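Below are two complexes that have chain A in common, paired first with chain B and then with chain C.
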Partner chain A sequence: MDAGQDAVSIAPRSRGRRRWRLSAQAVSWLQVSPLAIILITFFALPTLIFLVVSFYDYDRVGIYPDFLLDNYREILTSPATLRVYLSSLQFAFIVWAITLFLGFNIAYFLVFHVRSRMMRTVLFLACAIPFWTSGIIRTIAWIPFLGRNGAFNQMLQGVHLIDRPLDFLLFSPFAVCVTYIHLFTLLMIGPIANSLAKIDPALLEAARDAGASRWRTMVDIVIPLSKTGIALGSILVFTQVMGDFFVVKAMSGGQSASIVSQLATEIQAMQYPPAAASAMILVLFVAIMVGGMMRVVDVRKELVR
Partner chain B sequence: MDTHGIRVQRRFDVELVQVTKRYGGTTAVDGISLRIPPASYCCLLGPSGCGKTSTLRMIAGHEVISDGDVLIHDVNVTDLPPVERGTAMMFQSYALFPHLNCLDNVAFSLKARGMAKAQRHAKAREYLALVHMEGFAERLPSQLSGGQQQRVALARSLVTEPRVLLLDEPLSALDPFLRTRVREELKRLQRELGISFIHVTHSQDEAMALADLMVVMEDGHIRQAGPPREVFERPVSAFVARFIGGHNVLQGPGGMIAVRADRCRLGDPADGPHLPARVAAVEYQGPSVRVALTVGKGRDASVLVPDEQFYAEPVQPGDAATLVWAERDAHALAGAG
Partner chain C sequence: MMAGGSRAGDPRERRPWPFYALATLMTVFLVFLYGPMVVIYLLSFQGPDGGVTFPMVGTSTYWFAEILKPGQMANIPVAFGRSIALASIVSLVTVLVTVSAGLGFRRRFPGSGALFYLAVASLVMPSLLVGFGIGLGFKLFDWTPDLFTSALAAQLTWTLPFGLFAMFAVFNRFNRAYEEAATDLGASAWQRLRWVTLPILMPGIIGVGMGAFTLSYDEYARTTLVAGNRNTLPLEIYALISSSTSPTLFAIGTLTTAVSFLVICTTLAVILRMQRRRAARARPA
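Let's look at the complex of A and B:
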């Protein structure tokens, strides 16, 4: 009886739909177009404009269409560029190593040790909710904690571990690293937890059955099977640190500069062509680094799995 | 740890003494005891949730034993990790490592034991050959069919030369034709290797075809353990008789009885013990015809009639019939139901 009614109600609808049926090709174009439009207008076109402007001539009052390589020459030969790239790479490496260690362990704990689904959701939310506030607020929040008369120093003094406040805590490379790690560990946890969750727990039992130690299981089974997540997380953290502007500015106390903060100085001075050129160099540099990481782990192949 | 060199004759390959498994408030396995003689093929048989897999996993060391002891080759292994028990387990999903080729999958446990690469690969090849998979050494598990994956999993669990091989529903993922072939092969391997296999299954066909010792479980208890023929000929309870199949559980004059379906006949009240019935369905099965009956107040029964005999006197669904058996074929059952 029910089936009969269904058939009656479905029949006219499907006939109506047939009239509007598009070819498979048109459907594909429609599906791809929203993202394509966004990417073209907000990513490809601006990048193209930057590329064009980076060859322009400029003075204190304006920019002039031209095709000069001077902007690039200046950046590539300046010792300041090398210094700031090295400093950013150093931050990127330290932050990458620590967020990877923390992220992997937290993800492993969440996926394999937390048994109840409810508890896992709660813990995931505990990781994710701070992420909902702006990075700037979370950065500034460290200042009263790490400052000379901040909570951490007062606590250490309170238990008489130190008699004078520690100065390196704030406005230092240390503060920059702490903030980066706080900001970006979630970017590691997410992708790694995702790929760990795809591992059949029976595989871990099989490894144990085969007599493998925890360490061997980790090295031979878990890490190879989660390398997609590790690679994705690494790319996210790396690009975030390389593209950072605010954290270095707020937390280093002027002791370090980042690539983008240097670029921002040029923009403030209305030197758009050199700013565009350094943006192009940064984009190229990060693209090459990410390309290298993708070489090691074929993320695309693993994502569609 | 074991009397390896002296070869003292062991009494049992596996011995369970009052083994219990509790999960929180529920008891999955309730004080079971079982002795598996040397080099036997033991099948743990039962419906899902009867505790057979928990029992297997406790023997394997993948499940903490709440109470009781497990002995393997007369050594108490209750608190030992899997690797020190001399067991190997073949998982239901095979649990092959997807990123390792067949050779490395099989060699994995040798690697874990610190064997050098050339040596472990040679031994892994030997075991791949044992399951006729030597030609697939370089393939990844995803490039193999289900049956092939199963062979690799078998090779992987045998490569450590376990004393007892534990198989968790090894045939359930295979199609029926393959199942029969793999079944033969498992039995052949067990005989050739001379070790005990413990095989968990919910299929009575499988258990009867393979087992030297068939263990029927229900609700965390062992209901009957013995050679398949003994269990089939003399089921102890209505549950066992129904679960192993091929039996009619009937209300006899002196209590519940079991009569094999192939020993029942459709006949006349004058022929002997009998019950009035109605034909519910007729299934042609080749050599015989299964006549499903409704006996008395909605009880199901069936009769296997040789095909010639059936077509000499055919019946239709809905016909009235009389279910007849011989007194000597009736087997009294303990327990009602």
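Let's look at the complex of A and C:
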């Protein structure tokens, strides 16, 4: 090999190129700039706009630049706000607990128990495929299933478990929870499976060899190592429920409204300033909750390496 | 790629009891997941005189034919075409922007933290509010909202963070030794990207593209306030729900599921073929 000559012939070229070379940081900036520009223009700016509009004055004809706190005062002093926030939080908490239980166990099963890679892919896809059907259709799919004469009631009556159809199944808080779980469990499975897959199986073997019980291995090794996935899944499920607009409307039978569906009514009535103010409150609320979760788990450190 | 089979140990080893417990849970979950779907698939073949609940009054494809009649209630085929077009654009933009950003995020740079949290914020923003903000902005500047401007933008604020986080997962599995080897062999930065990094990441990139496609294709809450006067399929479906209840909705559900299925199968086939070709090439002749 004539390595020396190669080096000589390459060296001047690379030196010539160095003049054009950007610093590593500049390259990174260029690479992330499309993302930054899109997010700033279409996310940060619009948010700023409705922050500004939330202080505006309005009447039936239009909105007028002003600096009023009335919009906020009205929302914060109305008992309806408290009620709708409490009911949304209640839904969020129940749905979070159940999807976390389901998501964690299913992800654990897929990653650690299923032996063939083919089988794992097939099962994972089986969980993911309903996600590819419109959420609206998946929501109304529960109506013929849970209704008075629905498939579920007929099944229960068929095996003589009950003799009258159950009424609480449809158009009730129960139906809302079931639909949420149906819609959002995958958001838990995905991130958790991703962090479980990064755990070195040798660690689990080492724990077993050292005499740790299944429970201890789970509590001291698996759960700490998968907490990024758990946090990410929780954030996704929580924000989806808080931002929901359709499910409560379609499945609760008019017994309760969601925060966003109330907001949508105001938007349709062109009452932009109060809508913007209640949007701002919701955004702050979600931001504080998510911020809290991200304090517990440093999602960024785990994701960006 | 990942070591697949070794994870679970010796196949002859007896299964511990949690296996059976979790397998049961998995089965129950799948039944829960597919139960209502199967009901709507069945009901979409309801006879012409049947309604939205059981019992079935004969079977027919009447409700599928109903979808295709233009102008009857809503123009489903046209809306479907728009949804596909919009989702393709969203998917393409998402892939280009997030691959590039994923590359950028591999180094720490000033402002990387701020951008990361901006993406998180954009992801967790209640969806209707994104459309509301963009709609207000357009109103302020006296622009007309349209499917391929404001609605596209609203959807990107959702697919980009999603794609970015998926990209992080893809890049995390990538072994940088390949890039170093390419550099040592004299590859330029561009050659390294084109012939080493991108081909290795390709299955992940296709996955992100497919994910963005479906997120956009199903999107309702972000789009509804900014779509202008041309509706996407989810918007049409929503309008249908409030105006009528007939098995047409279920027929649409069955049809969209079939389309999604086709998309997934095609994508998987492409990825599988790519992996097989690569494996064949890697094998010594």
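As a convention for this text, the second predicted complex is superposed on the first by the 277 of 305 C-alpha atoms of A that agree within 3 Å, B and C clash if a C-alpha of one lies under 4 Å from a C-alpha of the other, contacts with A are read in each partner's own complex, and residues count from 1 in each chain.
Assume contacts are C-beta pairs under 8 Å (C-beta built on N, C-alpha and C of every residue); 3 or more make two chains touch, one makes a residue touch a chain.
Predicted, not measured: the structure shown is a model, and the values here were computed from it.
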Partner chain in contact with A:L225 - chain B first, chain C second, else both or neither: first
Chain B versus chain C as contact partner of A:F50, first or second or both or neither: second
Which superposed partner A:I136 touches (first chain B, second chain C, both, neither): second
Chain B versus chain C as contact partner of A:L156, first or second or both or neither: neither
Partner chain(s) touched by A:A206 [first = chain B, second = chain C, both, neither]: first
Which of chain B and chain C A:L68 touches, first, second, both or neither: neither
Of chain B and chain C, the chain that contacts the larger number of chain A residues: C
First (chain B), second (chain C), both or neither touched by A:L166: neither
In the complex, chain A residues that touch chain C: 10, 24-25, 27-32, 34-36, 38-47, 49-50, 53, 102, 105-106, 108-117, 120, 123, 125-127, 129-138, 140-145, 147, 149-151, 154, 182, 185, 194, 197-198, 201, 214, 232, 235-236, 239, 242-243, 245-246, 250, 259-260, 263-264, 267, 272, 275-276, 279, 282-283, 286-287, 290, 294, 299-300, 303-305
In the complex with chain A, residue positions of chain C that touch it: 2, 4-9, 11, 15-16, 18-19, 22-23, 25-26, 29-30, 32-37, 39-40, 43, 52-54, 96-98, 100-101, 103-107, 109-113, 115-130, 132-134, 136-137, 140, 153-154, 156-157, 160-161, 164-165, 168-169, 172, 186, 214, 218, 220-221, 225, 233-234, 237-238, 241, 249-250, 252-253, 256-257, 260-261, 263-264, 268
Chain B-touching residues of chain A, taken from the complex the two chains share: 200, 202-203, 205-213, 216, 220-221, 224-225
Residues of chain B defined as touching chain A within the complex: 60, 62, 81-83, 87-89, 91-93, 95-99, 108-109, 111-113, 156-157, 160
